[in-house]
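In what follows, subunit A forms one complex with subunit B and a second complex with subunit C.
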Partner chain A sequence: EDDEEEEQQQQQQQPQVERMGEAAEVQARQREVAGLLQHGKHREAVKAALQNPPLGSHDQAVKDMNTEVVLNAICSASDSEIDKIVADLYHNSSPDLCDTLVKYIYKGLADRKYCGVLLKWHASAVNMAGLGPVVRAMTDRKTV
Partner chain B sequence: RAAAGGARGAGTGPASGRAARRRARARGTERTRSAMALRIVNAKHGITCHAWSPDRKRIAVCENSEKVIIYLNADQDKVNWIKEHELAAHDLVVSAIDWSPVHNKIVTCSHDRNAFVWTYSQGTWKASMAILRINRAALDVKWSPDGSKFAVASGAKVVPVCHYEGANDWWISKMIKKHKSTVTSVAWHPSSQLLATGSTDFRCRVFSAFINDIDHSTNTVFGDTGRTRFGDLLLEFEACNGWVEDVAWSPSGSTLAYIGHDSSVNFVSMANGSPQVQTLKSRDLPNSKVFFLSDNVVVAAGHSFNPEIYQNASGSWSFLGNLNQKGSGAGGMAVSRTYERFGKKVGSTERTWSHSRDDWAER
Partner chain C sequence: SSSSSSSGSGSSGRSSSAPAAGRARAAPRPSAKMANTLKPYLDCIRTTLTAAMCVRNFPSQIVERHNKPEVEVRGNRELILNPLTVSRNENEMCLIEPSINSVRVSIRIKQADEIEEILTRMFSRFLMQRAEQFVILRRKPMANFDLSFLITHKHLEDMWKHKLVDFVITFMEDIDKEINGMKIAINTRARIVAYEYIQQFA
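So, the complex of A and B:
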């Protein structure tokens, strides 16, 4: 209870500048991902979309916008590319990206969007990275 | 899985691995480098905790009940195990047992909010109640390495540290507070002055457990107990995103390890007075117990049913492998290659296992 009160106070005091900074970052990411998708570069698009998620942000609009960007990138990839993209994320990128990917998969499933596709991504991610990212998606208090 | 079946194990168990392999070799059925799991105690409802006797000939086990059973000949084949004593004093399930090599006393704690200290005299174990003063379940208990105190982790958000008061012939507690939620586990620094605790408020903490009348203060890299009072918070770590399930100190006291419910293993060491935390995220389900086999090798086991080994080579920790290796890829060649690779790495650590075992046997 103490923590919640502290968070609320922090939320009120969080300067407008910070929130605008987050929103600007997400919009820039949105443009970058859209550009990559136009050129059919699905792997780079997913990677770019998963960078620096607004974890634990107090601005719900920013989080929603970022979720939209990530899910858009994820769902544009064709089924045959899923395994390759996940393998690339797991082997060639920082391990946090796999954790972030699984967090957004669960976010999308919770919002009941694109469930069929997300379940395919889920299977691929667990196959590649194990159950650790799933556990971290469940326990991390700073949500996407 | 005598040492790791069911849920919690509070004792030290590499001895079971070595003895088991010896047996398997005798039978001609050894699987190289894979730890043999023998069902020794067929407990239908699981095993909550266990503790080895100092000479490793006996083992005290709680089979998910209010009683603790001591088996004799625990270092031999399972057919020779004899049920020697039954310690019955608790009203609810016993959550932890610890057996001190210093004075051969056993301490047990239970969900019934009590802890008993058991002394062996004239052929039986006699219980004496420790006054804990907690109003929630006790979850973990550990003797300090010098045997003078024991600490209890409890759901009451406090850690009673009990020592013996000869004047009244009882064990009396001093409380360590400052936790915001259930304390899941406690671990003593080898100096017996510092206590590390893990809690469900996502933090691992190090406290001074220096009691004026019975301790001499020591200056360790983690804190100087001459300058702090009992219960002072020395260090607090938040690297973990889940409940802290277990904490453990390395034998030399130079490193602290704690595992979290977010499938992470965190290592803390001190460099120039400030703590360095290294977090390793596991690909499997979270662990429940962590244990140092030597200063450089750690084993963690838990919900994925397969103990993980971590090794410190040249200053940083890394995941070495699982204890039960399955062949990767098709074909026997791939399997044996995996075992060989793992065996070469483990080869150096096997020596440390036996070395540590001898250490305890001597003490």
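So, the complex of A and C:
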């Protein structure tokens, strides 16, 4: 019984450690993306912002921070670059990144921020990757 | 609202014969920026709806022999999918809530001023009272929205999915145009009435 209690305590402590780890990760990503954007490297910035999203995290603040980072990266790209970046994401990187991109597009649209830009990104992403990412945004239990 | 629109069209016939009544002041035209977001907005809704309307028959798990739209019942979390919002700006949005056997689509129509608010309310009330004929319309809109559709697997068995999606998109376009048209008719009629009234003091 003592062992079980210890395990439970460890499990309670673990989420706290995980949360601190997630927040630190998001902040590191924020710095990385800000750096890339300063150099004008939009494609790398978007790719870096979409890595390892805090899916299913219990901490809303961490999720919001990551959303900020991603939307910043997405909205700073100019219109002509959108198609190229999405094509690059779809063909060269893992397909997870396209799914994450579409999830963040819907998150941004739900908050009613940057609507015009996000609608363009959405059209481009669906053109490239089809309806799959949309369906996965609907069905994935672990939301962004 | 049907009576106001028919008398509005009657009076606009008279306005053309009264030049001094002035040209009907058109509703403020959407700026190029606004008009530019309409097509991407509707395209986004079209793809999201096409993805969301994958429903099948799923009888109720709780009550025997009952078949309820799970998006309305919301009894079991595993049967409901994540809701998606598509918004054009702060005031216009479309909330799509899918589930295993039904989809609920709620739209908020652009309402620039009080007259448009009143018109939207009356027009949507008119439609919602006739929800039975409409088939997919919900009698009450969701909170913060103007109009809601409820599309169940039964509707998709009877109707084509792409046609249903086309219908919802055309509906959203037409309702904007109708409310604009009604507002123009109201303004025209009000101007004529005021003109005729002031005439007697002229």
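One rule holds for everything that comes next: the second predicted complex is superposed on the first by the 129 of 144 C-alpha atoms of A that agree within 3 Å, B and C clash if a C-alpha of one lies under 4 Å from a C-alpha of the other, contacts with A are read in each partner's own complex, and residues count from 1 in each chain.
The rule is short, and it goes like this: a residue touches a chain if its C-beta (ideal position, glycine included) is under 8 Å from a C-beta of that chain, and two chains touch if they have at least 3 such contacts.
Quantities reported herein were computed from a predicted structural model and do not represent experimental measurements.
Peer 1: Can A:M20 be said to touch subunit B (first), subunit C (second), both, or neither?
Peer 2: After superposition on chain A, A:M20 lies in contact with neither partner.
Peer 1: Determine, under the contact definition given at the top, whether A:G116 touches first (subunit B), second (subunit C), both, or neither.
Peer 2: Touch status of A:G116: second partner only.
Peer 1: Please indicate which partner A:L131 is in contact with in the superposed arrangement: first for subunit B, second for subunit C, both, or neither.
Peer 2: In the superposition, A:L131 contacts both subunit B and subunit C.
Peer 1: So in the superposed three-chain picture, is A:D99 touching just subunit B, just subunit C, both, or none of them (first/second/both/neither)?
Peer 2: A:D99: touches subunit B, not subunit C.
Peer 1: Looking only at subunit A, is it subunit B or subunit C that touches more of its residues?
Peer 2: For subunit A, the partner with the higher number of touched residues is C.
Peer 1: Under the stated touch criterion, which partner chain does A:T143 make contact with: subunit B (first), subunit C (second), both, or neither?
Peer 2: In the superposition, A:T143 touches subunit C alone.
Peer 1: Once chain A of both complexes is superposed, is A:A61 in touch with subunit B (first), subunit C (second), both, or neither?
Peer 2: A:A61 contacts neither subunit B nor subunit C.
Peer 1: Where does A:A34 make contact in the superposed view: on subunit B (first), on subunit C (second), on both, or on neither?
Peer 2: neither
Peer 1: Let me check the overlay on chain A: which residues of subunit A are in contact with subunit B and also with subunit C?
Peer 2: Touching subunit B in the first complex and subunit C in the second, residues 131, 135, 139-140 of subunit A appear in both lists.
Peer 1: What residues of subunit B sit close enough to touch subunit A in their complex?
Peer 2: Within the complex, subunit B contacts subunit A at residues 180, 202, 241-242, 260-264, 281-286, 304.
Peer 1: Please give the residue numbers of subunit A that touch subunit B in the complex, ascending.
Peer 2: So the residues of subunit A in touch with subunit B come to 2, 95, 99, 129-133, 135-136, 139-142.
Peer 1: Using the touch definition from the top, list the residues of subunit A that touch subunit C in their complex.
Peer 2: Spelled out, the residues of subunit A in touch with subunit C are 106, 109-110, 112, 115-116, 119-120, 122-123, 126, 131, 134-135, 137-140, 143.
Peer 1: Show me the residue ranges of subunit C that touch subunit A in the complex, using the header's touch definition.
Peer 2: Touch residues, subunit C against subunit A: 33, 36-37, 40-41, 43-44, 47-48, 50-52, 54, 81-82, 84-90, 93, 98.
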